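Following this line, the structures themselves.
In the two complexes below, subunit A is the common chain; its partner is subunit B in one and subunit C in the other.
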Partner chain A sequence: MAGKSATAPTTYSPSPSQRKQKPIFKDVDWVRPDGRGFHQCRPAFLRTGAVNAASGSAYAEFGNTKVIVSVFGPRESKKAMMYSDIGRLNCNVSYTTFSTSVRGQGSDHKEFSAMLHKALEGAILLESFPKTTVDVFALVLESGGSDLPVVISCASLALADAGIMMFDLVTSVSVSSLGSNLVIDPITEEESCQDGSLMITSMPSRNEVTQLTLTGEWSTPKIHEAMELCLEACSKLGKIMRSCLKEAASASQE
Partner chain B sequence: MVGLSAGEKHFLQGGIAQDLRSDGRKRLTYRPISVETGVIPQANGSARVRIGATDVIASVKAELGKPNPLQPDKGKVSIYVDCSPTAAPMFQGRGGEELSTELSVALQRSLLGGKSGAGAGIDLSSLIVVEGKICWDLYIDGLVVSADGNLLDVLGAAIKAALSNTGIPKVNISAAASPEEQPEVDISDEEFLQFDTSGVPVIVTLTKVGRHYIADATSEEESQMSSAVSFSINRHGHICGLTKRGGAGLDPSVILDMISVAKHVSEQLMTELDSKISAAEAYEAES
Partner chain C sequence: MGPRDGGGIGDLAGEMEVDAFRLLFPLRFYERHLLESIRPDARPLGTARDTSVALGAVGSADGSALAKIGHTTMLAAIKMEVMIPSSESPDEGCVAIEFHMPPICSPLVRPGRPAVAAPVISKQLSDVILSSQMINLKELSLITGKAAWMVYLDIYCLDADGSLFDAALLSAVAAFSNLCIPAVSVNEDGRVIASSGENREGKTMKELLNKEKRKLTLSCIPFSLTCILHKKYILADPTAEEESIMETLVTVVLDSSTRLISLYKPGGPFLAYTSVVQDCIALTSRRVKELQKIISEAISDMEAD
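After this line comes the complex of A and B, so read on.
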């Protein structure tokens, strides 16, 4: 019996510890794994109207990070909910089981739903749909780093597609600090060995920050630099999202 | 939820605008802090911290475990906060669960540093016993006994006090027969190693009410906030974590101003907390 179990073919499982040696990020002149410059974002692909059943939806692809967000409602709040003279926003972020290199690893991001809620709530005119609920469901198809910023930007695009009234589009960008360098829009490889990260969610034309998180040790001048970098990228991303919406609107008119 | 009448709200906001809050404090003063250490005998370290009517208990338990194969030279720390429904009825069910996750994530963000372990308040490499084989797993649990605003700051202070109260047993390793085998360990129950807490940051939450921000908001004041930002700041004045709460947007320049105010407040809080912790430990040693 013992001999049999020893010869039985074992299932292949890629062990992440045996990967190629970690790239050295601390040098001054290293090249990012995908060949980008330090302050260069990944090319963004955005489309609205990805799901037919939803009142609004959007698909976003930033490098390998692929996200789909659908917005349902405004619809009547559940009977159990108390009366409220402003609308409710319900957000949920989930990962597909195949989104990460190890199966089912994406489920350890329980806080993302609450963070998405907070990032969007300040931008939506909740007074415009009293007694009702808007559901925002985000699904990460492939996780390739900077997942939450992509989810947030994509969700605001889906909300705009659904015709929910907002003060402004919400855009989000993160930076990683690796040694003495600041790297914008990090991929998974860079995120896994970062010394710290900063994520900003902003409404570019109102110049307001709706969500902000920071990890790792930072000095004040470095925070200044990173915030400026993020806000600039946010306003650029806002322009791309706007043009995407305009394109969709002009295509539907024809 | 705190129900306030229009008059009460006006009184509260007016007081904050004039730098005299309803309990007589200035905008940036904390309520009186009291610290007790060693409150839970079963844990390796514990503390109870009260700031005003907010009361929390933090406990630290250490268990031997196996390090993560991706990080063979580091121990593991998990932080979990429990908001018991005995503190407030709104903590029952989903409301409490959401708050617990939010607080746990915010504490992990401020204490554990970046993915590479840089800037962590708790030095993970000090938890290793045999590289790649045995390490200490620290389980830090916070319990909210009574909530009257500013939970995150109080939890941060309680964890800091509990960590400085923590003694990790000395481990004797008998040489393993071969490098493949798990080495045998002998945990001493007499000798304890003190945990280095000089790098553990304090958390300062600034709550924005109207145009001003206040430190250590009570739950009444929190009900009037537009947004709040929690900063965790270490002894060197470096920011180790930052979390924004509340939906309203903030101007970037306001955030930068808040950082410099928070730094100033954190220095005072750090000194006060240090003296309170050492007083509590001296008292515990006496009794």
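After this line comes the complex of A and C, so read on.
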């Protein structure tokens, strides 16, 4: 039988992943690889109730980025946890081995797990489930760029599906700065050659920001412009998510 | 999430009482159903849940499939890489199968603590797929002794509701039927690279190995059915709830010409008589026909697109 002895480090992918990026992004007029306008988001597909075994779940598909989030609980905290008056939120983000073009390890993404926790924490009424834990687990089935914003938005939809009390839905959108242009909802190719990125996580109906990350080189007016773009897209995404929840609720009543 | 389908019982008053009875006395709840030859989800004992297969679900993979049996959902994807074949079998490729249970699939799986069932099912799947000779490993050879395909098959359980092995095997088989071996060629350094349309005329090319994308020929496709043995009853295709209450499981794997590939009964409180094992095999051979139909429909749907 073909054993496992011949596996792992000796194999390589035949498709060249390190293909040199063409500098088209720096030109004055260029078209995004998927033909979108600079300020146009990818078409979003959202659906709740993807995983029956979970208390609540959601599936989100933004272009090639495909994510499933399951919510479990509120349930008993780990034995080692100290007593707590308020509920705990536990987040985990992991990738499948086939999510990227070259086969990966499919391990946990610690940074995204922490970011997801920070993005959601402020929106959840932790007082409503004292002594217990709500687990939010995300699996990125396919990574096509803007993974973290999609995970965050999908997670808040799953929390709503699980009936966890929140101040508002949490929506997240990112913008990449490429030369003199700002492109919203970037795909992997755009992210790999960006000069800077800005991600906003907001609660659209309260007009509050729960998380803002800024990397790279930015000028102040550009930050303003990017924030405006993100917030506007966040509120649009909020409407889409709300209608998705309404649809699911009216379907279950029938 | 509370149990929702409580159909089929008339003698217990009120929906709430049924739910409470189900949670407090699960075994008695089930036995009352079994007396009537019915299950709480309105299935007869020997019937499997609705099954569906969708091919090509993952864009970044060379072959993929999504299989659903009831609520149990499996996503299988194949990535092809190149390796140097071992000296014992210089003209054969290799298949590595891994089964994952990410924490999203079940409340019992926590991050950092992998599920116990996952490596067991992983091993069972590779044993079944490799010993069934569904894949001819010689077809995975590129240059004898120098290069061959390493097939990485990863199966993710997205929703765990019983009969995980059956769903995983179905998704694996479907992913193989969807697999397209990429067209490759050898460059000057002796490395195998993908030959896409644009560099086909490139001068660095020495020889074209796979002129065109091609499919694997699959022979003797394995299909399986898991049954629960409980007293004199045999329950086909159990849900997670049934598996947790009645613990004796038998998994039968047959190939498309109904030859027995594997029979797996990992202990359990009930001992199986040979007649019961024969009944399980008969149920499985009926199920194989259903699954064959589902797979071939999925393939023809895919080709129609």
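Miscellaneous remarks
Criterion: the second predicted complex is superposed on the first by the 229 of 254 C-alpha atoms of A that agree within 3 Å, B and C clash if a C-alpha of one lies under 4 Å from a C-alpha of the other, contacts with A are read in each partner's own complex, and residues count from 1 in each chain.
We take it that a residue touches a chain if its C-beta (ideal position, glycine included) is under 8 Å from a C-beta of that chain, and two chains touch if they have at least 3 such contacts.
Note that this is a predicted model, so its numbers are computed, not measured.
Judged by the touch definition given at the top, the superposed model places A:L141 against subunit C, while subunit B stays out of reach.
Look at A:Q253: by the touch rule set out above, it reaches neither subunit B nor subunit C. Contacts of A:E208 after superposition: subunit B is touched, whereas subunit C is not reached. Judged by the touch definition given at the top, the superposed model places A:S177 against subunit B, while subunit C stays out of reach. Look at A:D195: by the touch rule set out above, it reaches subunit B but stays clear of subunit C.
On subunit A, the surface patch touched by subunit B in one complex and by subunit C in the other comprises residues 15-16.
Taken together, the subunit A residues at the contact with subunit B in this complex read 15-17, 110-111, 114, 118, 121-123, 177, 191-198, 202-203, 206-220, 223-224, 227, 231. Taken in their complex, subunit A has these residues touching subunit C: 1-2, 4-7, 10-16, 50-55, 57, 64, 68-70, 72, 75, 92, 94, 96-101, 103, 106, 108, 135, 137-139, 141-142. Interface residues of subunit B facing subunit A in the complex, by the touch rule stated above, are 69-70, 98, 101-102, 105, 109-110, 112-116, 118-119, 227, 229, 234, 238-252, 255-256, 259-260, 263. By the touch criterion stated above, subunit C contacts subunit A in their complex at residues 1, 58-61, 64, 71, 73, 75, 77, 79-86, 89, 92-96, 98, 100, 102-107, 110-112, 130-131, 137, 150, 152, 154, 156, 158-161, 182, 184, 191-194, 240.
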